[in-house]
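Pasting the structures here.
Below, chain A partners chain B and then partners chain C, in two separate complexes.
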Partner chain A sequence: MARPDLKFGKKLKKYGAVDFNACYNCGTCTAVCALASETDSFPREMVRYSVLGLDEEIKGSLKPWLCYYCGECSTYCPQEAQPGELMMSLRRYLISRYDWTGLSGLLCRSLAAYAAAFLAVVAGLMGLFFFSGWGQKEWMHYGHLFEMAAIGGVFAFILLPNIVRMWYFTVWKRKKTLRMKTYLLALPELLLHMFTQKRTLSCNDERDNTLWWFEHLVLVLGYLGLLFATVFLDWFASTHPVVVAAGYVLSAVVFVVTFDFVIRRIRKRSEKSVFSHPSDWFFVIWLFLMGISAFGVRLLVDLGALAGHFWLYLLHLTVLVQWALIIVPFGKWTHFLYRSFAMYFDRIVKMESPAA
Partner chain B sequence: MKRKIGVYICHCGGNISDYVDVEKVRQAAAKEAGVALARTMEFACADSSQKEIAQDIQEGAVDSFVVASCSPKLHLPTFQSVAERAGLNKYQYVHANIREQVSWAHSDDKEGATAKAVQFVRAAIAKVRLAKAIEPIEIQTQRAVLVVGAGVAGMKAATSLAKMGVNVYLIEKEHFVGGRVSQWDVLCITEETGKDLVTRFYIDVVANQNITLFTGAELVECSGSMGNFTVKVRITPRYVKDICEKDRMRRAIEVCPVEVVDEFNFSITKRKAIYHNFPSQYPLVAVVDMKHCTRCGKCEKECEKIDFSQEEKVVELKVGSILVAAGFDPYTPKNGEFGYQVYDNVITLPQFKRLVAISDTELKWKGRPVQTIAYIYCVGSRQLEGENKYCSRYCCLTTICAAIKAGEKFSGLSHFHFTRGIRTYGKYETFFYEASKRGQVFLQSFEDDPPQVTQKDGRTLVRIHDILTSRREVEVDADLVVLVTGMVPRTDGRIGEILKLPRGRDRFYNEIHMKLRPVETVIDGVTIAGACRGPQNVVEAINSSLSAAIKSYSFVRRDTLAIEPIVAEIDPDACTWCEACAKACPFDAIARDASTGKEIARVNTPVCKGCGMCLPVCPANAIQLRTFSDEEVQQMIGVLAHEL
Partner chain C sequence: MAAVERLSFDALVVGGGIAGIEAAINLGDNGLRVLLVEKDLTLGGKMIMLSKVFPTLDCAACITTPKISEVARHPNVTIFTNTEVKSIQKQDMHYFKASLVRHPRYVDESACTGCQLCEEACPAVVPDQYQYDLVGRKAAYIPFSIASPRVATIDMDHCVLCGACERVCPPQCIDFTQEPAECQIIMKTVIVATGLQLFDPARIERFRSGHAKNVITAMQMERLLAPTRPYNHVLRPGDGKAPDKIAYVLCVGSRDRTVGNPICSQICCMYSIKQAQLLMGALPMADVTIYYINIRSYGKGFEEFYEQAKGMGVNFVKGKVGQITEKENGNLVLRYEDIRSGRLKEAEHDLVVLSVGSLADPDASGFFTDGRWEQDEFHFPRQKDLFFNPALSSIKGVFLAGTTSCPMDIPDTILSAGAASMEAIRYIKQSALGI
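Entry: the complex of A and B
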């Protein structure tokens, strides 16, 4: 027995959903979707659940993660109900449902909360700047330590519990399985999708989808590389020429690709860039700022001019802290994990289903 | 005088000649007594062929003729017109159908088909030998039309006829005009209220000198026929002479101690025994409902215009045509149908619309605030079992519009539509879109699995296996359940009985042909308009009323009307007035006549359809049907039987 909840739809609009209520259930979206199959029928089903506000069904579903937003459904929707953007909004919503702190949801629903969080970081760093009495060396030392602590802390206290919650909602509640064999056999799925996003390639390629996939792949690898170079190889302090050169290349990759992504969102040429939620903007812009400021800081180091332009490092640090404490744990960054875990969990569920 | 019969046999471009040896038929026909010439033609209906026949007649070669071709349904009027153009009486032409009944039916047997065609043609020749010239019957027409029902359809038709210079008697059973539309609040698409629309029509009606409006008026008797009907109309008085000064009428209504169920609001409120349905309702004079009035006299003290001395009267009117726009009734659900009359928060769509119209700041039902509304569609329409198989057409749109309007008027409403598939056809689709976009939820089930309404712990639950959600059971806790009831014919069907209007399988008044003659009935001179023809919305009702007005006009536009003279004739010497023929006549065209001193049957020729039902029941064989006399038919049978 399902009880409709119309408040759900209103709430979902804050996550970016538009006009999905206009759906008259023709199913064109599902018919044109290159990723939907007989076993994974979407987006119409998710649109219907959203209209009725069936929260439990949505919370337990992995289907929003199976969509890679080529936008064909929105193009062909006769009611202009924007099913593609609905799937996107459901992903934002699911991120907030998985998050045990509830902060993801708060930030997603409220631009003011986002701004307040960013300003709090700025205020904190300014306080530190005025009262710590740290010099350049201390700043860079503690900055580096922060990076390590943030990665460990965010992962241990936020992301890991959230992935366990995701598993609980989507696997345990449906299959109640703990068979090790299944979990191990399905594991390649996780790594494959995490590092290739290859499902994107199955999308209909009418709007330079392959190019987009390539840029995105390069960005993911560039970002991970930059993370590794700055945190574990201490790029800013390194003297190893290979590390230094790699850092330049990786940070350049990050800001060049994100610049292109910002342009795409401004131009709105493809369905997936027509609608941009604040969380989308923050994600690409902060990534861009991180890349370009990191590039700039290292350049100043190499030119021996960092002391005279230390503000740039402070700017970089501010962006970094905002990124690590807000966007990574509670913002769009998490899609990196959830998308690949969704493929993993989906495989587990299918392997445990008798029909499979 | 010896007949000079012409026989024209058509090839129909092979349709006939491929299977029937037309030359053989021609030869057989040529041998028949009285046949002056027999020809075959590639296409008898072609201009050149028509001219050829006309020429034969004009040259005196032919004084009567047979055409053997397709069904007379198709080309009888064509060759009748050939006869008339050539100066020959059109009843001196007889048609033989050798296509539908011969060549097409026997394409496997060429010889048999040819033999049958020969028989048909010979039978037609036998008939045409006896054919007499007969003239159409002419009737003097009354240049007036009776319009029954002053709803939007009736008022529009009346105005349209009046503008063409016809006298119109517009009769309305109720004491106020407007019919059902006056009961609706905001109407869809035009954003006008029913009240406003009715006011506009009413202004047109009263402004036209040619229209006489009778309210409280009912048709009680009708005699005569097309072009010349005599009708009797019973008029119930209002018992109020005129508009009372200032707000004396309001006070007169206030002091009335009698309260009765208000049918204008579909029984959701009460009214007084002296009333109008709303203050600006037309005509502006209030009415005393004498069925419930106790004659306490309180209202008389408030307003001197109240007059209990008024009496019921019957007026006799002469009209050339009757236009029926009697409207519809909303379907009343059966007790227990979706909880109707069992749960007190289950109401019908008309009740809901009135509730929304009369509620001001808050939507309340029986004192309880309403937030969640469940609409159950197709109640009393599209029935799997039950007599209403039809779709009522207007309800999907009107429900969606009512829900949108209710949502605009009252905040915080949730709407759940339990449908069997939405049919907001044509331009109205945008309203479905609008309602969906505003977050109204549409659920759907098939006819064999309707929604269930139950009550538990004081809550009303509506459940459905929603086919749009993989037949999952969805439950809505509703404050108000609105049964979307369709249209049914008026319970009071006396007008149809008086005029002998046939009804269709849906029990609405039937037109002759849905496409070809959509507003005419088999009763000549009587047209139908609006929702008495079948479910339709205001737009469609107005369309049909304009059509019906034109059709009614065609019966009265000239001083005389020519009608088909194929009617029954009584032999006064043989007739003994046994009444058998009058009883057999489906059109009431036969009556007793003693004017000559002898009691005999008399045929009211304008009413007679020439159906022939009276012929076989006459024990004295005193009735003949023109152009189908015993002799003519016997001759034809003789030919056909002889050949067998």
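Entry: the complex of A and C
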């Protein structure tokens, strides 16, 4: 028997939820949702869970990840209960529930914690700058080492355990299956959604939505490419003309697209950009700063002017450390993994369910 | 324009629907000289268009016509139909001044016998607004058989000026030279009974009203079910097929903040249940499904009426329809969440009735030009004392009758008209005594 938790709503508001208590259960949101189906009916179910505070049901549900926020539910909700933004805040909430360290939740709930974490990184790097006595060469060398260490460390200690937790809540608790065949057969789903986000396209047929999907796809590929170029091909130190040119293009893609995303959030023209949580702002702005500072650093390298403008590298490194230690493990970055793993897990659960 | 006509009355009643008629009779019976003004060609308002009334299932036309005939023959009541109120102003402490425009019918009202020969002769056919566009009418026409006054009108917007009506009219009463006439009225009190405005469902694009032919409004269904109905049978307008899977979509344009009308319209649940029961009689083999958010059967006998519909086999589904898609054969696919199971579902119907909500009539606020007329947040006239004196408007001496002030059903409208009449009489007596 489910026990309503009336304080849950207040908690959810810190994750960005607005007005969902206004819901009078008409089901318009579900009925206008292009992604909802008879087997996956949302968002009203999630609104209901949220109003009643059914934490276990929310934690075990993949439905928040099945939504790609076209915002039609919010447009047509007769009570203006903003179901689209509720789904968004549930995704933030789920990120915090999957995270074993609890830091995701802390950062999401408190802007002060976010700021403190960012400042701590700045302070640490400044300390290192004054006390290490490193020159430009050491900084760039250790900076590159940091990138590799951060990727490995964050993945091994934070992201991997969190994905296992997600699997435990959403698959194991419901189906208790370990059949290798299912896991293998469902695997294409993971890769498909990770690299195409194609569900966005079924969201609604508006032109702007298609454009948004395209920009997002370019951004994802640009970001991954830039990551690969800087970390594994050592773009900043590389002399290979293809690597150098590719790095310029990829970093430009990152800052140009994120600039547009920031503008969208300022203009609030579409439902999905009306509400912006601090974690959304940090995500797009830091990605923008990272792209543009990387571009600038390499430009200085090519102009032979880095020594005179070394502050830019330090700025880039600061942004990078904040990104790698805060936003990637505990911030919005994780939606890259959870969204695609949600599609994978959802397929597994469906394959293990008796044919409906 | 001809010379301005000047008249004086004790009371002006604006609106010749059931509220205005009731108020005019009440005032007239109490010895007041009343002018009843109706902008339409006939008295009767929305009630006379209805099939039957809930929850008694009396024939609406049969119970409206005696009232109309009573007011039409009342010695103390003067009736101006086809007349528009331009402005109402307070002239001094005891009198109001109104400016009216009497639009021409292009027919001499006193001479017309209602023989309908002009209608037969007229070659111009246009959609009949009194049948909610289900069928056509002529440009020379009588609104409907029980119209009051039952006289012909030439619809100048569509008349082709062929003169056919003029040639066949036995009393020679057609007069194309008529012009709008201005009229100044002095009176002591005003009752506003302009009624409500039904929500235009074309505003909600996803319900396909106006695009899909078999998506109709509840008012069109009233006409299909009325004794004086257009096809003499319940048929769907798209292809004339007798429908056998009919859906009702409730709360279209009411309880909906996205269209600016968050309140319940109070009548749609019940009129839909009434229509469903009548459909069970008219089409015994048909399935009728009502999609609702909540059924609000709040009045005396209403819950029993709802239970009776369920007992008759009307299917009630909790869940608001989100989207309607038209199929090639004219059938409609309704997408909704079945709230009981929590699942998204689709259902095919061959006729969809949109149970539209009611809005404030903007006319009610247009007359008062001196700025003292106040509205509430829902654009209805503000009721100054909602609890103890609901008929009071924000202007002293102006009273509200019926659905002018908020959505309500017919019995409540009659009560409200009674309250407004009583307040108007008290106001006149008190001002005569100098209170």
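Heads up, the rule we're going with is that the second predicted complex is superposed on the first by the 354 of 356 C-alpha atoms of A that agree within 3 Å, B and C clash if a C-alpha of one lies under 4 Å from a C-alpha of the other, contacts with A are read in each partner's own complex, and residues count from 1 in each chain.
Everything below uses one rule, namely that a contact is a pair of C-beta atoms (placed from the backbone, for glycine too) under 8 Å apart; a residue touches a chain by one contact, two chains touch by 3 or more.
All of these numbers come straight from a predicted model, not from anything done at the bench.
Asker: Applying the document's definition of touch, where does A:Q79 land relative to chain B and chain C: first, second, both, or neither?
Answerer: both
Asker: Applying the touch criterion given at the start, work out whether A:N25 contacts chain B, chain C, both or neither, answering first, second, both or neither.
Answerer: Both: A:N25 reaches chain B and chain C.
Asker: Which partner chains sit in contact with A:S37 here, chain B, chain C, both or neither? Use first/second/both/neither.
Answerer: Once the two structures are laid over each other on A, A:S37 reaches chain C alone.
Asker: Using the superposition on chain A described above, determine whether A:R3 touches chain B (first), chain C (second), both, or neither.
Answerer: Only chain B; A:R3 stays clear of chain C.
Asker: Which chain A residues come up in both lists, the one for chain B and the one for chain C?
Answerer: 24-25, 45, 48, 79
Asker: Would you tell me which residues of chain C are touching chain A in their complex?
Answerer: The touching residues are 206, 251, 255-258, 293-294, 319-323, 335-339, 342-345.
Asker: Help me check something: in the complex, which residues belonging to chain B touch chain A?
Answerer: Listed in rising order, the residues are 414, 416, 422, 432-433, 436-442, 463, 468-470, 472-477.
Asker: Can you list the residues on chain A that touch chain B in the complex?
Answerer: 1-4, 6, 9-10, 19, 21-25, 45, 48-49, 51-52, 54, 79
Asker: Which of the residues in chain A end up touching chain C in this complex?
Answerer: 24-33, 36-39, 41, 44-45, 48, 75-80
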